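Below, each structure is written out as structure tokens.
Below are two complexes that have chain A in common, paired first with chain B and then with chain C.
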Partner chain A sequence: MSQPPSVQRTAICIDKVCKVYGPPDSGVVALHEVDLTIYDNEFFTLLGPSGCGKTTLLHLIAGFEDVTAGTIRLFGKDIVSLPPNKRPINTVFQHYALFPHMSVLENVAFGLKMKSVAADTAQARAQEMLELVQLQQFSHRMPNELSGGQQQRVAVARALAPHPKVLLLDEPLSALDLKLRQSMRDELKRIQKTTGITFIFVTHDQEEALTLSDRIAVIESGEIQQVAVPKELYEAPRNRFVAKFIGDVNLIDIEIDDMTDNGLVRVRTKSGDLIEAVPNGSGHKCGPGHVAIRPERLNVTRKGGDGILTGRVRELIYLGTDTQIIVETEGSYELTVRVQNAHQSHVDVSPGDIVHLRPDAGTVQLLAD
Partner chain B sequence: MAGGINLQTNWSTKASNSISGKQFLQLFPAMAAISFFLIGPLTFILIYSFLTPGTYGGVEWQFSTESYLQFLFERDLITDELIFENAYLLVFLRSLVLALIATISCLLIGFPTAFFIATRSEHNRNMWVLLITVPYWVNLLIRTVSMLFILRDEGPINAALIGTGIISEPIHMAYTNFAIGMGLIYSYLPFMVLPVYASLERFDFRLMKAAYDLYAGRWSILLRVILPVVKPGLIAGSLLVFIPCLGAFIAPDILGGGKKLMIGNLIAMQFQASRNWPFGSAAAMILLTIVLIALTVAARQPRPGKEVA
Partner chain C sequence: MMAGHAEKLKKFPGFLTVTIGCLVLLYAPMIVISVYSFNATRSITKWGGFSLGWYAKVFANPEIQRATVNSLVIAVSASTLATLLALLAAIAMVRGRAFRGQEGVYVLINLPLLVPEIISAVGSLIFFLAIGISLGLMTVMIAHTIFCIPFAYLPISARLQGIEDHYEQAARDLYANAWQSFRYVLAPMMLPGIVSGYMLAFIISLDDFIITNMVAGPGATTLPLAIYGMVRIGFTPEINAISTLMLLASLVVVTLSYLIGRTKRN
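Up next is the complex of A and B:
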């Protein structure tokens, strides 16, 4: 779960890649100077809202689109000038794109056939891939005789059969219903572990990204916002976009006061409370800024004091396992607090009460913007 | 395993076996029209083909297989022996060959055209389809005659070739099998383009991307992905070109100068100048048989999955 060690081999190196659709000076800029390093055997996820450029980046790696500037290297070899059928990279498409006139087995064997693998070897390999996705008994069906989840697994088997060096998956689960999506998620993780192939997975679903990935790159408007392991992304978001995109968060306007001697930054909220925040490494000057605190990291206490936020309870929302407390502060910003209902004693507050909120140590994150 | 398929067939047999009274009423007008305009005349032709020709056209009600024999044999006037005669067979053969060549040429020209149209933007596609049908606003006879003007010795093609000094004598194109072929292709090309376009328009071009990603080159994508998927359109287009080409009579009449007969001309002649209605009817029945064979062959092509519906 920690940062991959530097001894790991680089599978894909994306170096200052730009993509402009249409004329270079007046077209749509889909990606601005993207730099990314993806390691071998890694389950890497591109996460971002619709239209941020995830598919574009995947298409550049697969070769369906040409880069406007920059280079892409696969295990050190520049591949930008190779067409898709010359890149040892396969894609699982969001819409499956199974060949409707071929049986499941023929679909899976297609890539091998195109690579001129001997027919019997191709058959055996295709069968092996169908076993990997647990569809061996469906090999003679036509794609339209399969359910959505089964089609998805055929698409995965088809893309894996030719032994690609990297597998690209463009929102492969988004067309499935929730139950199926969860089981396919486990399936994908298992397949990635078994085959050891580098997966580059695209999604706009943060939960999917957090549960599946070794590392995640958050993209917004064609720019990489942060690349980190899931835990770090959630607990130490770099900027407001990342903090808001992943999970629920309290974003608080603050003034940076000064550094403390234990490496933390002292910040002052609009209501005058002083708290300590973890700096994000990009150097801070005194002045306005933002901090992020996750709702479950705030604890309701009875007494105020240093390092504690104060406000009045506006609303209690019962969420089953949790209760959410909406607290209005004097600085006229709202804080959301989430307490587990198992800890009943903490929730005996009612609307109108003055409460004091103590953040867990080291969970207030100072943001870069 | 085949649960889905069984379900479908059960459903369709059920639907075709039990037509309710209401469904029958809905079908009645179409059935009546088909019986009246198709089955009626066909029955007449079938009966006529087994009768004896009347002296001044028409038929005499006397059973005879002479018309069918006449197709392959000539009766010696004195000994009444049957002598093999291939003149009519050659007419059928020419028709078959010309119709096949026209169909293949229409496939070769029509597929790229349809592909081009199907890959334009939605707005432009409609315009291109409209343009394809423009020649149809003009009568077939006039279009065929203009083809003759283009191909004849003094026509623009020869004039241009002589004018640029490539040839000194005009190439005789009018009144040849070549001219007939050109006429057929020109007349029936849209019947190929439109159904192929209809298939290609529904074709999921993302499949091309998937094939390209799986190491397929251009030709493999065309032969292994696009053509198999749009095959129903190719078959429909081929039938729509082949069948009318086989029975065509305006193109051979005008562009063949009446010397290169096709089945259509042969049949027309029997009902007009030669006044041999039974032989004309027999020729028509033979033509019909060929067409039915062609249709059966086409229908037996296995089609991928849902394309059947």
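Up next is the complex of A and C:
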């Protein structure tokens, strides 16, 4: 789960790729200048809300759509002018797209047949793939005789059979129910580990992205917002969109006061509290900005003082393992605090109380916007 | 909602009378023809016992034999060609990129359905005369092909519209070239639509009278023309027998077309 070492080979390099549907000057801009590097053997996730351009990016990589500008390189080779059947990349479609008139085995062997692999070799390899997804006993069924989860696994086996260099998966789990989704998640991770094939996985589910991925690219309105390992994405979001999209967060309007000696930035909230924030990159100037703090990073204390936020408890919400405390501040913004119920003493407040909140050291993030 | 409407309609005064009237008008002549084709006597109003004699006569009649062969040759070739053209048109219209004047082309393809048949017939005749093709089997085939295209086009394009393009993308993704993707994925998935369109075109060609009458040269007499010729000379139960046979053929083909078109919609 750590940052891939720099010696790792680049599988896909997306360089200033633009995509406009329709006429170039008046069409729908689906992707603005996207730059992205995806390493070999990586489980890479494209995460973003509906309509942000995830499918478009996958289609450009697979070759179903032409780029409007920019290049896509696969292991150094420019592939933008190649048709999909000339790209050693396979896709698992959102609705599987299994060929309804072919048996499971024929579906899985299709790619090999098209690559002119000898029939018996193709059969053996298809059978092997079905074993990988634990469907060997279903090889003679027709796709409509399978459950959703089984169809999903056939789709994965079919895409893996021709040994692609990169596997694209477009929201492959979104059509499954919750339980199945969780078990398929583990299965996908296992398959990726066993085969060592680079996976580019599309989802709009942040939890899915965080649990599966080596690295995640967050996309919004056709632009990459941040590329990072899951931990960094959660703990050090670059901007407001990323902070809000991944998990719960307190976004606070602040004025940047000045730098401290230890590389932190001193910021002042609307209610006048001074806290220290971790700057995101460099180039922060004095003036208005935003910081992000995760609710579980705020601790209730009895004393006020430097580096501490102050407010009045408005509401306590019991959530089972946690309790959520909503705190109103003088700066007329709200803070959400989440404390684990195992730490009984911390929840020892009631609505109307004045509380002081101390952020954990290094968890207040100064955002780029 | 729908059921409610139907209920109300049934209570409408005279609903039953009108319905029965329509059914009788539509089907009584066919039933009479079919029944009297088995009549043992020459009468077409008095029942004289059961016999297959008129059928035997039909099968022995050399003129009808020739007309049957002509009809089949024309129907098979015209519907095959029409289906092929309709298939290409459907792929271009449904799968191709949107182009300017697409609606216009759609109307053009389906024009034979809208234009009165007599106009098509006269038009075809003038066209053949103008470019100097002498009338014969060939001209009937050409005219039928054009006329049958929309009948083949409609079920084929309906079927194609129901197939999401993910399947072809998946085929291309799995290393199939454009032809292989059509051959192994799209064509088998479209097959019910293609068969349905083919059969519809076949029946339309087999039954056509107006256009055929206009552009058939000597020696290109088809069954409907032969029947018409016989009726003009004098009505015999032999005509009942041929008509019944044609009715049967049409029914079989249309039913098959319907059943095949309906299978595997999903």
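In this text, the second predicted complex is superposed on the first by the 368 of 369 C-alpha atoms of A that agree within 3 Å, B and C clash if a C-alpha of one lies under 4 Å from a C-alpha of the other, contacts with A are read in each partner's own complex, and residues count from 1 in each chain.
Everything below uses one rule, namely that a residue touches a chain if its C-beta (ideal position, glycine included) is under 8 Å from a C-beta of that chain, and two chains touch if they have at least 3 such contacts.
Keep in mind that this is a model prediction, so the values were computed, not measured.
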Once the two structures are overlaid on chain A, check if chain B and chain C clash or fit side by side. clash
A:Phe75 in the overlay: touching chain B, chain C, both, or neither? Say first, second, both or neither. neither
Have a look at where A:Tyr333 lands relative to chain B and chain C in the superposition and call it first, second, both or neither. neither
Look at the residues of chain A and decide whether chain B or chain C touches more of them. B
Chain B versus chain C as contact partner of A:Pro83, first or second or both or neither: both
Touching A:Pro143 in the superposition: chain B (first), chain C (second), both, neither? first
Chain A positions touched by chain B in one structure and by chain C in the second: 62, 64, 83-85, 89-91, 93, 95, 97, 99-101, 110-111, 114-115, 144, 158-159, 162
Complex contact set, residues of chain A against chain B: 62, 64, 83-86, 89-91, 93, 95, 97-101, 110-111, 114-115, 140-145, 158-159, 162
Show which residues of chain B lie in contact with chain A when the two form their complex. 1, 4-5, 204, 206-207, 209-217, 220, 224-225, 228-229, 231, 304-307
Residues of chain C that touch chain A when the two form their complex: 164, 166-167, 169-177, 180, 184-185, 188-189, 264, 266
In their shared complex, at which residues does chain A touch chain C? 62-64, 83-85, 89-91, 93, 95, 97, 99-101, 110-111, 114-115, 144, 158-159, 162
